[in-house]
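A single structure is presented below for examination.
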Amino acid sequence: MDLDRCRRYLLARIGLELALAVVIGCRPAAHDQDAARVEESFAEPRTPAPTVVPMETPLPARSGSWWDVPYPQPFDASRLGPPLERLRADGNRLVDPDGDTVILQGVNISDPDKLERGGHWHRRHFEVIREWGANVVRIPVHPVAWRGRGKDEYFELLDQAVVWATELGMYLIIDWHSIGNLATELFQHPMYQTSRAETYDFWRSIAFRYQGIPTVAFYELFNEPTVYNNNLGTLSWDEWKAINEQMITIIDSHDHEVIPLIAGFNWGYDLTSVARDPIDHDGVGYVSHPYPQKTTAPFEVHWDEAFGFVAGRYPLLATEIGYMAPDDPGAHVPVKDDGSYGPRITDYLAKKGASWTAWCFDPEWPPQLIRDWDYTPTEAGLHFRSVMQGRVPTK
Amino acid sequence: MDLDRCRRYLLARIGLELALAVVIGCRPAAHDQDAARVEESFAEPRTPAPTVVPMETPLPARSGSWWDVPYPQPFDASRLGPPLERLRADGNRLVDPDGDTVILQGVNISDPDKLERGGHWHRRHFEVIREWGANVVRIPVHPVAWRGRGKDEYFELLDQAVVWATELGMYLIIDWHSIGNLATELFQHPMYQTSRAETYDFWRSIAFRYQGIPTVAFYELFNEPTVYNNNLGTLSWDEWKAINEQMITIIDSHDHEVIPLIAGFNWGYDLTSVARDPIDHDGVGYVSHPYPQKTTAPFEVHWDEAFGFVAGRYPLLATEIGYMAPDDPGAHVPVKDDGSYGPRITDYLAKKGASWTAWCFDPEWPPQLIRDWDYTPTEAGLHFRSVMQGRVPTK
Amino acid sequence: MDLDRCRRYLLARIGLELALAVVIGCRPAAHDQDAARVEESFAEPRTPAPTVVPMETPLPARSGSWWDVPYPQPFDASRLGPPLERLRADGNRLVDPDGDTVILQGVNISDPDKLERGGHWHRRHFEVIREWGANVVRIPVHPVAWRGRGKDEYFELLDQAVVWATELGMYLIIDWHSIGNLATELFQHPMYQTSRAETYDFWRSIAFRYQGIPTVAFYELFNEPTVYNNNLGTLSWDEWKAINEQMITIIDSHDHEVIPLIAGFNWGYDLTSVARDPIDHDGVGYVSHPYPQKTTAPFEVHWDEAFGFVAGRYPLLATEIGYMAPDDPGAHVPVKDDGSYGPRITDYLAKKGASWTAWCFDPEWPPQLIRDWDYTPTEAGLHFRSVMQGRVPTK
């Protein structure tokens, strides 16, 4: 048949097909995953990422229809009231839409999976943190919990955090809370066990889910890289940089506005390689975890060398700081301190214009900020709360 | 003892051992896996691959004797009547043993696992395809189905396909039906989830099973490579080429006659990199999936640039073509078309001397060739059937 | 508060905290994994590895508290009486603490998991081996058994072997008994299936567990590398060398005294690449598995070329030798022989100053050294026993 007749025929068929679809309950079939193909088809140069992006979900049981597993959905922004202002990296500063500098100070919570199991996953948890003066919360997602709970159920927890944080005016850092070596895929403890593929998939999933939500301002790509004195094999900066850039490429393709945060070696303390060979991507920040026993006096000199210098070029966030008396329950290297560390580190970070989140708003995860589930502050908690509430002048 | 005595003694022992073996039910013990060692031992230069090659099988339960898991067996060719003629790549043509050009035209079936679950895995399915004029069938093996069913059970399905196709005079393309990025191991949907190791093992298992069976003429190594606008990370042609060459090395070591088919980027549409850097292996073909919305008018010009030029140097197969009206149930980018695509693509491929298989001989997997399980053709089905039956002259 | 007051306050808190800990049953909390951070924190240059090193353990069930999974413990050396003398590599010799040359001759047992399932995991098994004159036992740990039994349970078996071997004065070779290609992660049979990550983790776990125990003198990194005529893809010496060096780095960080043993291609027979490009690490040895059918006459010439030359520069151990009559039950390539191989190989190895362990002290794993569970020697068993007992003069 000629093309015009063909077109007329096809148009006629559409009505028939739709009627038939109603009758036999036909739903869009398996090949719908190709919905975004055209974006790449025409791409010269690359077009923007599509809004809806397929992702991994748990493998269905054999009895299921694996070809009908639904594609994931992004977070429903209509659950939020007025959004927070979008933050971005501008030179070495975090800035708001007016270009004004933003300094973030807040806390780490424990893993939402741990809080939910213990009956502490409540809006109240976030309210107290806000009352302490925090404007940012870091959420450590442990690979073992992410896998164990499953993406869909884990997203339910994170979604609630987004709602609560938005209502309370706090930004979120989502932190892939592993410790170890992604090159050899050896990690410090089973709770940190992951792989490069799972790590890439985590960021693909997270970035798809929270694209365009200003509350979720930061993605801390990998909590603490370490080779553990070679117990975990070797990892060069070149290798680590390439892995980070792969993560950033995946994230950036979903969400060009979120700020990726990159960690250095020695359990996320040491950023010295950034001086000669920074990550090849604009709009990123760097993190350090300068616990008290990571170095010795003169602290400020050593801190400058290990990570502080980065604050001259890039946004710097100390996403884990904290301390406790050597004989407190749970005290361990490198967090033991006589108390002098508290004002020293907050003053230092203030001078550097760096943001920070203290570890940890859970009475069971040392160094603790709270003593109990009545949220009684520890000594460290008192100090960091005072700073966040502006009652401790910084030098 | 001296060697002669030793030999006599050993010969005497053989009878005793064999008798003992009968009595105590002794079977060949675990070290039998070494049966093929000598091939490599003496290999200078490399000897041909041994006929029987061990492979992976599902891990036995802990209560089992893991050292007694049997090695796999190749397909039993005695189940077949007269074999089909062996096809091979000769320059840019597929040829039969006389060197005459062979053009293949056929269809994709849905995954055999899906057909079997739905009660449609019958010889009749293949008979209808033959009645439509097809001389080739493409079988998409989805990783999720391969893993879920297990190798042994999946081979039962593929074995039946080999029997039916041989009887009916149709060639088979076995297609590892994944979509995504084998470098990052991120994929478009859970049904496509795999890994490099599993992919290599798939081809090792398939090539071992169907070595020397001319019906199984083609191995399409990976359905649709794509980085999905970087949602799946990055993948260079160098990386992709190396992965393909590893697959081909594995296949070639089992079966030097089968024709591997290689796909390019953009969901298997774009073969432009082949111009400057083809796969380093003789006897291969290339594939493209030029669905209607992969490009715009003038189509023939764009098709030439993206994949058609390959037909001047290598066998070219368009292993997925198809279309449907934009409002048909299940219609999606990139398969929506007003109907003009049908004759345009089949004419184009005829001019190029390219073979093709239309997608998809299942009423639930769009773009469909059939409307129902009575095999009523869709509009696209009518067109492709007419071409296969020679009732539509090509220009 | 000022620092002195802070210190006094903290000291006062310690008593309160400890009292509270007793009352509420508080145990050291999750962050204890950081206990060793300070070692790296201060590391310039690298400090010695910490004594207690975290490792992987099986993932806890979801209902468990994943943050409380205990860290592993090293082998309790107090279970041993007087330790064996520490062996080390000195040039091309194995030497004792006095620098005197040590030649080791012994047997392979079958996998401890197999022995335990069959009711043969007894001290008596090791006693008979000692009676045969052995001063070394090679223990092949199959990946399937390691995973199936789980680390903790597998360590119970290995711990017993360490106790028995120490009491009986025999050294141990722990052998990661895989066969195949760690680059493509394809293996000869399911019992050998592993991955690079699991292999690295195995050596991390083993080296942590048995650090400082002289009985566990050798770690044979990977039993038999092979590409199986490319059935398992490709593997270059550069790739293989890098994987070995990664394993050695991990082991060396835990235990600087143990002697890693490296295998070459062709099922661990061929060490020719060592001539031009040896492993970049001191204190290692090399292994070969020169079964009778790995080459042809003149054997000594071919053996020199394939592996014997290594004995001029490095300690050489033939960790699998053995033979059986061609018609004995379980006979297979490459172990079939008329009996002339026995004295030929032991004489050759004696001339080279090489150590060896014969395969296999199990009546079901050919080529067998024993016929039954009464430990009746086979022909090969008689030969190797005579050599170990010094009743066969070497030429």
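Should a chain be cited, it is by its letter among A, B and C, assigned in written order, with residues numbered from 1 in that chain.
One rule holds in what follows: contacts are C-beta pairs under 8 Å (C-beta built on N, C-alpha and C of every residue); 3 or more make two chains touch, one makes a residue touch a chain.
Keep in mind that what you see is a predicted model, and the values were worked out from it rather than measured.
Chains making contact with subunit A as well as with subunit B: C.
Where subunit A touches subunit C, the two copies mostly use different residue numbers: shared numbers make up under half of all numbers in play.
In the Cα superposition of subunit B onto subunit C, the rotation angle, rounded to steps of 5, is 120 degrees. Inter-chain centre distance (subunit A to subunit C, centres taken as mean C-alpha positions): 40 Å.
Residue numbers of subunit A whose C-beta contacts span two or more other chains: none are found.
Listed in rising order, the residues of subunit B touching subunit C in the complex are 3, 6-7, 9-11, 13-14, 17-18, 20-21, 26, 28-43, 46-50, 53-54, 56-60, 62, 65-67, 69, 71, 196-197, 200-201, 204, 208, 246, 249-250, 252-254. Against subunit B, the residues of subunit C that register as touching in their complex are 111, 114, 117, 142, 144-145, 148-149, 179, 184-191, 193, 195, 226, 228-234, 266-267, 269, 291, 293-296, 325, 327-330, 332-335, 338-340, 359-360, 364-368, 379.
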